[in-house]
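Just dropping this structure here.
Chain naming follows the written order as A, B, C, D, E, F and G, and within any one chain the residues start at number 1.
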Amino acid sequence: MPFTPLHDRVLVRRIEADAKTTGGLIIPDSAKEKPQEGEVVSVGAGATGEDGDRIAMDVKAGDRILFGKWSGSEIRLDGEELLIMKESDILGIMA
Amino acid sequence: MPFTPLHDRVLVRRIEADAKTTGGLIIPDSAKEKPQEGEVVSVGAGATGEDGDRIAMDVKAGDRILFGKWSGSEIRLDGEELLIMKESDILGIMA
Amino acid sequence: MPFTPLHDRVLVRRIEADAKTTGGLIIPDSAKEKPQEGEVVSVGAGATGEDGDRIAMDVKAGDRILFGKWSGSEIRLDGEELLIMKESDILGIMA
Amino acid sequence: MPFTPLHDRVLVRRIEADAKTTGGLIIPDSAKEKPQEGEVVSVGAGATGEDGDRIAMDVKAGDRILFGKWSGSEIRLDGEELLIMKESDILGIMA
Amino acid sequence: MPFTPLHDRVLVRRIEADAKTTGGLIIPDSAKEKPQEGEVVSVGAGATGEDGDRIAMDVKAGDRILFGKWSGSEIRLDGEELLIMKESDILGIMA
Amino acid sequence: MPFTPLHDRVLVRRIEADAKTTGGLIIPDSAKEKPQEGEVVSVGAGATGEDGDRIAMDVKAGDRILFGKWSGSEIRLDGEELLIMKESDILGIMA
Amino acid sequence: MPFTPLHDRVLVRRIEADAKTTGGLIIPDSAKEKPQEGEVVSVGAGATGEDGDRIAMDVKAGDRILFGKWSGSEIRLDGEELLIMKESDILGIMA
């Protein structure tokens, strides 16, 4: 994907709920129209702390993540709808 | 549980009030429909301080905790309803 | 008490105003229905500063304290109604 | 006074305006019903900075101070009405 | 361009959506009248951290960037309409 | 003046606009009823930084200053109406 | 000019739009009645960081600057209408 998120931002591809039929994550009913699971496409180099050093990112490309329902800005890249969010908007990583 | 909370987040399984009959914690009446006791399922690696070091978590998987009535985001994982919250939302640990 | 407050939190047992008859603290009229004096039951290990070190607590179990009228969250532990508050909500210690 | 303020708090005894007849401070008309002059009764050990060290207090017991009209919480100690406020609420010290 | 942004600011030339016909970024419909892609014209020397050192900029002149729809202040320089924004308003860099 | 401002506060005597007839500062019409020029009467010892050191004051007694129209708290000292404000409320010093 | 801005403040003389006829900056229509270009008249010594050191200013007297339409406080000095603003309100410097 020809896009590098800046600082502590993460590019995310949403994983639609209807693609999951067995096991795995199930989104609560009230949130069904807006799934909260995604795959990390690319990550930034990390924010810069007050001491000038980068703070390393905890997620990497390929990670399957959960994120808050209203997190991120929607963008279209190469015809695909993606999300850019801050790493702090990510709740956790699916094993 | 195939889920790792990010940073200083904690995955929590609610302990229902009707499961406690002798001793232990009793939730005040006004909060009975939404218990505040839970069990820690898994914890993140900790937040990163300004100096780039991790700040160690004070709770660990298995801890029985108390948390504020409105804390955390509800998610469903493997068909089970769980909560993801920040460690700072946890009031304390039951011995 | 089988409960350890987290971080800089303090578990407090309210001291009812009607229990004081001579000397000591008298709560102003407007606050009589909600006394502001208490006894520290247990304290957390202290908050963690940006440098990763604990900031020591200034109150300890047994201290008689004054606290703001609206401070803390009420919980019931072993059938007793107690308060969990941050140390910063405590105004001072009675000698 | 059997009370030690916590952290950077100060226990203050209000000095009533009608007690001053010559020289000294005169409270503006609009504030006459709520004087802003007081005497420091006791002070806390000081707040703890991010580095874990105490930040020394600038006022001490006995200081005559000016403070903002709405500063502090009123308490009664040994039958006397006093104020607990943060040192930062104190405007200055009367020589 | 005879203009140097101050601190962590960036001078940006908007890239109009109608100039892109094949591949590349496509702005979602609801944002079509206000494209979010641009080219960095010049960058500031970076913000100054608490320790007095500059925090280096992550973007440089010539970078093609994505930025939030409402980011930046519009200015006209040499008859051209440009944007001045903070680097933190930039979402990422197109490869 | 028997008053020492606390921390980074400054005691200021307002200089009335009608006292200036030649040169010097002229207050804009809309602000005429509330002049913004003053003379520093006394200054505090300075705020204490996170490292416990004092941050030196940039103004001193006798300085003629400009300050924002709504800055400071009015007090009366020895029958004179004065202002206590934070040094950060002072816009600059008249040479 | 007999005035020294305090801390990180800057004294600015507005450059009227009608004074520019060839090249240079042109203010967008909607802002014409309130130009955003100016000349730095004098600068403060810089803010003081948490470590007690001055943070050097990036602008100097004589710099031609752009600033946000609503930045700064208007003052009159020696009969001239000027602006005092924080350096952080300045968008950039014209070469």
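We adopt the following convention: a residue touches a chain if its C-beta (ideal position, glycine included) is under 8 Å from a C-beta of that chain, and two chains touch if they have at least 3 such contacts.
Here's who's who by UniProt: A, B, C, D, E, F, G = Co-chaperonin GroES.
This is a predicted model, so every value here is computed, not measured.
Chemist: Walk from subunit B over to subunit G along touching chains and report the minimum step count.
Modeler: The fewest steps needed to get from subunit B to subunit G is 3.
Chemist: Could you grab the centroid distance between subunit C and subunit G? Build each centroid from C-alpha atoms only and quote it in angstrom.
Modeler: Inter-chain centre distance comes to 52 Å.
Chemist: Could you state the distance in Å from the CA-based centre of subunit A to that of subunit G?
Modeler: Between these chains, centre-to-centre, one finds 41 Å.
Chemist: Between subunit D and subunit F, what distance separates the C-alpha centroids? Give it in angstrom.
Modeler: So the centre of subunit D lies 23 Å away from the centre of subunit F.
Chemist: Listing for subunit E: what residues touch at least two other chains?
Modeler: 50-51
Chemist: Start at subunit B, step over to subunit C, and keep going round the ring; give me the chains in the order you meet them.
Modeler: B, C, D, F, G, E, A
Chemist: Spell out the part of subunit A that touches subunit B in their complex, as residue ranges.
Modeler: Interface residues on subunit A, with respect to subunit B: 23-28, 36, 49-51, 53, 55-56, 58-59, 65-66, 68, 87-88, 90-95.
Chemist: Using the touch definition from the top, list the residues of subunit F that touch subunit D in their complex.
Modeler: 2-7, 9, 11, 44-45, 48, 50-52, 73-79, 81, 84
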